[in-house]
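Chain naming follows the written order as A, B, C, D, E and F, and within any one chain the residues start at number 1.
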Amino acid sequence: MEQDNLIALLIETTVLKRLPRTGWLLRGVPDAESIADHSFGTAFVVLALADVLNASGTLPAPLDAGKALAIAVLHDLPEARLTDLPGPTKHLIPREVKSQAELKALEALTAALPSARRFQALWREFEDESTPEGKLVRDADKVEMMIQCLRYELSGSRGLDDFWASMDRQDWHYPLCADLYTQLKGMRPGNG
Amino acid sequence: MEQDNLIALLIETTVLKRLPRTGWLLRGVPDAESIADHSFGTAFVVLALADVLNASGTLPAPLDAGKALAIAVLHDLPEARLTDLPGPTKHLIPREVKSQAELKALEALTAALPSARRFQALWREFEDESTPEGKLVRDADKVEMMIQCLRYELSGSRGLDDFWASMDRQDWHYPLCADLYTQLKGMRPGNG
Amino acid sequence: MEQDNLIALLIETTVLKRLPRTGWLLRGVPDAESIADHSFGTAFVVLALADVLNASGTLPAPLDAGKALAIAVLHDLPEARLTDLPGPTKHLIPREVKSQAELKALEALTAALPSARRFQALWREFEDESTPEGKLVRDADKVEMMIQCLRYELSGSRGLDDFWASMDRQDWHYPLCADLYTQLKGMRPGNG
Amino acid sequence: MEQDNLIALLIETTVLKRLPRTGWLLRGVPDAESIADHSFGTAFVVLALADVLNASGTLPAPLDAGKALAIAVLHDLPEARLTDLPGPTKHLIPREVKSQAELKALEALTAALPSARRFQALWREFEDESTPEGKLVRDADKVEMMIQCLRYELSGSRGLDDFWASMDRQDWHYPLCADLYTQLKGMRPGNG
Amino acid sequence: MEQDNLIALLIETTVLKRLPRTGWLLRGVPDAESIADHSFGTAFVVLALADVLNASGTLPAPLDAGKALAIAVLHDLPEARLTDLPGPTKHLIPREVKSQAELKALEALTAALPSARRFQALWREFEDESTPEGKLVRDADKVEMMIQCLRYELSGSRGLDDFWASMDRQDWHYPLCADLYTQLKGMRPGNG
Amino acid sequence: MEQDNLIALLIETTVLKRLPRTGWLLRGVPDAESIADHSFGTAFVVLALADVLNASGTLPAPLDAGKALAIAVLHDLPEARLTDLPGPTKHLIPREVKSQAELKALEALTAALPSARRFQALWREFEDESTPEGKLVRDADKVEMMIQCLRYELSGSRGLDDFWASMDRQDWHYPLCADLYTQLKGMRPGNG
């Protein structure tokens, strides 16, 4: 019975492989990445950045990379039920309604897991940007998006300027991420 | 200035060609149709059914086919900003929040048009199922979905049983649509 | 029996969702829109332009928007059997042969509908550009194509210059459409 | 100048990689193969069958495999301009009009080549099924189609029965091809 | 300079989003998942199973879930350079050549990271199935593959029997994974 | 029995239609061509170039076009089992290991054909660039790749500079191919 729920969860999570990231769709990017693609990318960025940050000697205390990875894997899980609501919906669906919906989706999805509560708490660290690891995943989520954005531009996609414009106003938690963003921006192809 | 808004509207509406119908995505249908595909299909079903119904002599008054077509063309327009929120989000986002969001999206999208108010009123006829034409588009919206569902099944898609199950509970406004649904169901391939 | 034909028509029409617009394919546009995508787009342009034109006070008589919508929905229906023959076929298949083939396809497709004759007459208004509504759909068909063309270019597609070159020679029925075209052209990205 | 035409030909021919085989599209096959995919498949079938036939000792004279390969490579070249007109267009566009259009397309495409005339003659051997090699490519064209049809069915596609039904009436030039067809048919998954 | 390498790594890793899992391609699955899709899925399975296993009280010592997640994120990283070599290549490229190539790819990719050595050691735990966490990722890699296999079958894909046949011979490290596999197999649609 | 093998070969070869050319994938080209697409393109280039070269009077002896076509059709057949290993794998898998693997794949694939030995010898003429026809296919293989590369660039793809850079160092066997390459390069869109 428990395992039925576990299997149901594992099967349902595969929809993240099929659901596209809508921000790209709205701008006409062909073959837009899936939510799972992005979640993997975020986890990989977290793995790399936690390593660089911990080795840098600049943090008050080392990051818990394993915890950060768990947050990265969980951060878009609610989209398995909600899909990826694009930016403009912010003006249409109140932020707290969306956040509540995501939490409810997460609770329903993870109900079969022994540590459901802990996973929900981890997700809140991301949502509320309330811990070093939650902040890292938040930054990594954005860095990953801009890496992909640059990747699309390097392959010929155009019309993605507003991604960069909105990121110019981003408050980064980690200077390393701000630096990476600046470098990524410097690598954009000169498209008049 | 006015025309800038008109052009902005016409350009933005093209995203409906790229946004997939999420119900199919969630069930693993490859190459899922776009929202625009479905909107065209609905308009075509409306054209055909209004014709059949008006010729049938069974209606108290003839349907205004032109008005019904306008409603069909408008019925999913809000999704240009909201995307196609799949069924399960009903349990996560309150219906009135979603309906309000759709209306706000429609108002913003159609602001440039002289008859913006009228178009919003037409959309409400669909949303509230409050007029014969609004009811027809509501039925056509579902008939079209089940035609496409059958089409996918005839091509080999499986796992769409819950579409049929939920339609079995549908309250059809027009007996013709209930009949069509029954016939469509009878055409399903025998998939054990 | 009648309904069998009606259902057969409704099912067959869904192929317009799967058939690509070949003009884009020939130029290497990835994820080219479907014929149904374009038909929806045309219907939406008709809805908007009929509204703007009727409100402008510049027409000798108001357009019948409902009739124009019906024409828009029907205008590419023959392609469900003929597919979208690209421009260059003009030099290979005589125009009257193609037009006859389209009419035959339309007749066969709509045979089950009470108003088959009327629908065929509506299609001829488009084909012959013989009425205000037929002329509007003709213009809208081209405006919609150029909106999509611009949309592709804004997303990075190149090699679409000949679409613009051929539209430069277009005889528009409505000055509004000529204006819209000029504005669209002014929005093209500067691609050296 | 000559080379300009040669390059123009080579570039234009790449559209066969992007144009889908419409027969599959009409039946809802996802990710339908390109015309180039099919042309390669036909060439490969010709290579294999010519080898088997020549080794069989059953032919009055050996097939010229190189010539047959040339015919296979050329057999769908006109579709670079005409696209793949699906079966039902037979009832809409007279066969001789289509054949004339194909020949005109072939002439225009191959004009830059020294042996343009010879290539057109080779294509006619296929079109008219007038030589052993033309007959082989005709059979191979059909065998290849049914191999792909079976391949789609083995992967889960349904609704392709009419391909088999129409092939049941095929007059094969080579008994080997009739045999292969029978075997392919025997490999169809049992789909109730 | 260091950061240049970091950015180069982050950009290159995005190719895992575009490279398909070839096992599905070879069997004709449309829209096959990406390697990144699978890597995310594996990380998610690891997150869930580590939780269930640690809560079960059946292990001699608790699994280090964070370490297991890191292994999951890294396990297919070499494929960013090697692509996903399908099963049959085992008979063509010696296993040790492939394993060496993967290690070299991993070394080159991770060279910019402070813990490059540690990451390579983690990958070896997976490759050699030499630690509890390496064994868990190995099992999760297979469980995830069969979840996706079942998901494709539930959506209509056929011809995937040999995945199940080869998994019937799998030596699972964790009885939980063997159980999950048995349950997944029981959920296969009855396809004659 | 023999025919079983023949049919197995013909069915297996269709995977070349589904396997993408990985060089494009790695650079983010959407809708990348299949190996079969490329093989058809190569065969067509061979057909055209053999004709031009034989008519040019510059060769010591005429090319055997039929033999060259057979080589073109066979040249990527091993990839039906090995998939298209992208360029960077050269640094990871020794060239002789790859070449051996390809030959083994070819032997296994063609075992059912009477002229299996001859086909393997033809493939070696390509692999070893040891005969005029083998050299022609080698050149055509590269010309075709650059035609497609240009085609992608003309449609908006970017980031393909290293294809041109590596071709600048190509030792062409036939001056015609070097000329064609120079012309293709001159047609690249000016992308700053």
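Please note the rule applied: contacts are C-beta pairs under 8 Å (C-beta built on N, C-alpha and C of every residue); 3 or more make two chains touch, one makes a residue touch a chain.
Bear in mind that the values here come from a model prediction, so they are computed numbers and not experimental data.
**Q** Starting from the defined contact criterion, work out which chains touch chain A and chain F both, please.
**A** C, E
**Q** Which chains, if any, touch chain D and chain F both?
**A** Joint contacts, listed by label: C, E.
**Q** So, comparing C-alpha centroids, which chain is the farthest one from chain C?
**A** Result for the farthest chain: E.
**Q** Tell me whether chain B and chain E, two copies of the same sequence, contact each other through the same residue numbers or different ones, using over half shared as the line for same.
**A** Since fewer than half of the residue numbers are used by both chains, the interface counts as different.
**Q** Looking only at C-beta pairs in contact, point me to the busier pair out of C-D and A-E.
**A** A-E
**Q** So what angle, to the nearest 5 degrees, turns chain A so that its CA atoms land on those of chain B?
**A** The two chains, chain A and chain B, differ by a rotation of 180 degrees.
**Q** Provide the C-alpha centroid distance between chain B and chain F, rounded to the nearest whole angstrom.
**A** The computed centroid separation for chain B versus chain F comes out at 48 Å.
**Q** Suppose each chain is reduced to the average of its Cα coordinates; what separation in Å results between chain D and chain E?
**A** Between these chains, centre-to-centre, one finds 41 Å.
**Q** Distance from the CA centroid of chain B to that of chain C, rounded to the nearest Å?
**A** Centre separation, chain B to chain C: 21 Å.
**Q** Mind pulling the chain F residues that touch 2 or more other chains?
**A** Residues 18, 28, 30-31, 151, 156, 191-192.
**Q** Indicate which of the five shapes (line, ring, star, complete, other) describes how the chains touch one another.
**A** other
**Q** Just spell out which pairs of chains touch, all of them.
**A** Per the contact definition above, the touching pairs are A-B, A-C, A-E, A-F, B-C, B-D, B-E, C-D, C-F, D-E, D-F, E-F.
**Q** Would you mind writing out the residues of chain A in touch with chain C in their complex?
**A** For this pair, the touching residues of chain A are 27-31, 156-159, 191-192.
**Q** Using the touch definition from the top, list the residues of chain F that touch chain E in their complex.
**A** 15, 18-20, 22, 25-26, 28, 81-86, 88-89, 91-94, 97-98, 101, 104-105
**Q** Provide the residue numbers of chain C that touch chain B in the complex, in ascending order.
**A** By the definition above, chain C touches chain B via 3-4, 6-7, 9-11, 13-14, 16-18, 31, 33-34, 36-37, 39-41, 43-45, 47-48, 51-52, 54-55, 64-67, 69-70, 73-74, 77, 113-115, 119, 143-144, 147-148, 150-151, 179-180, 183-184, 187.
**Q** Touching chain C in the complex: which residues of chain F?
**A** My answer: residues 30-31, 151-152, 154-156, 189-192.
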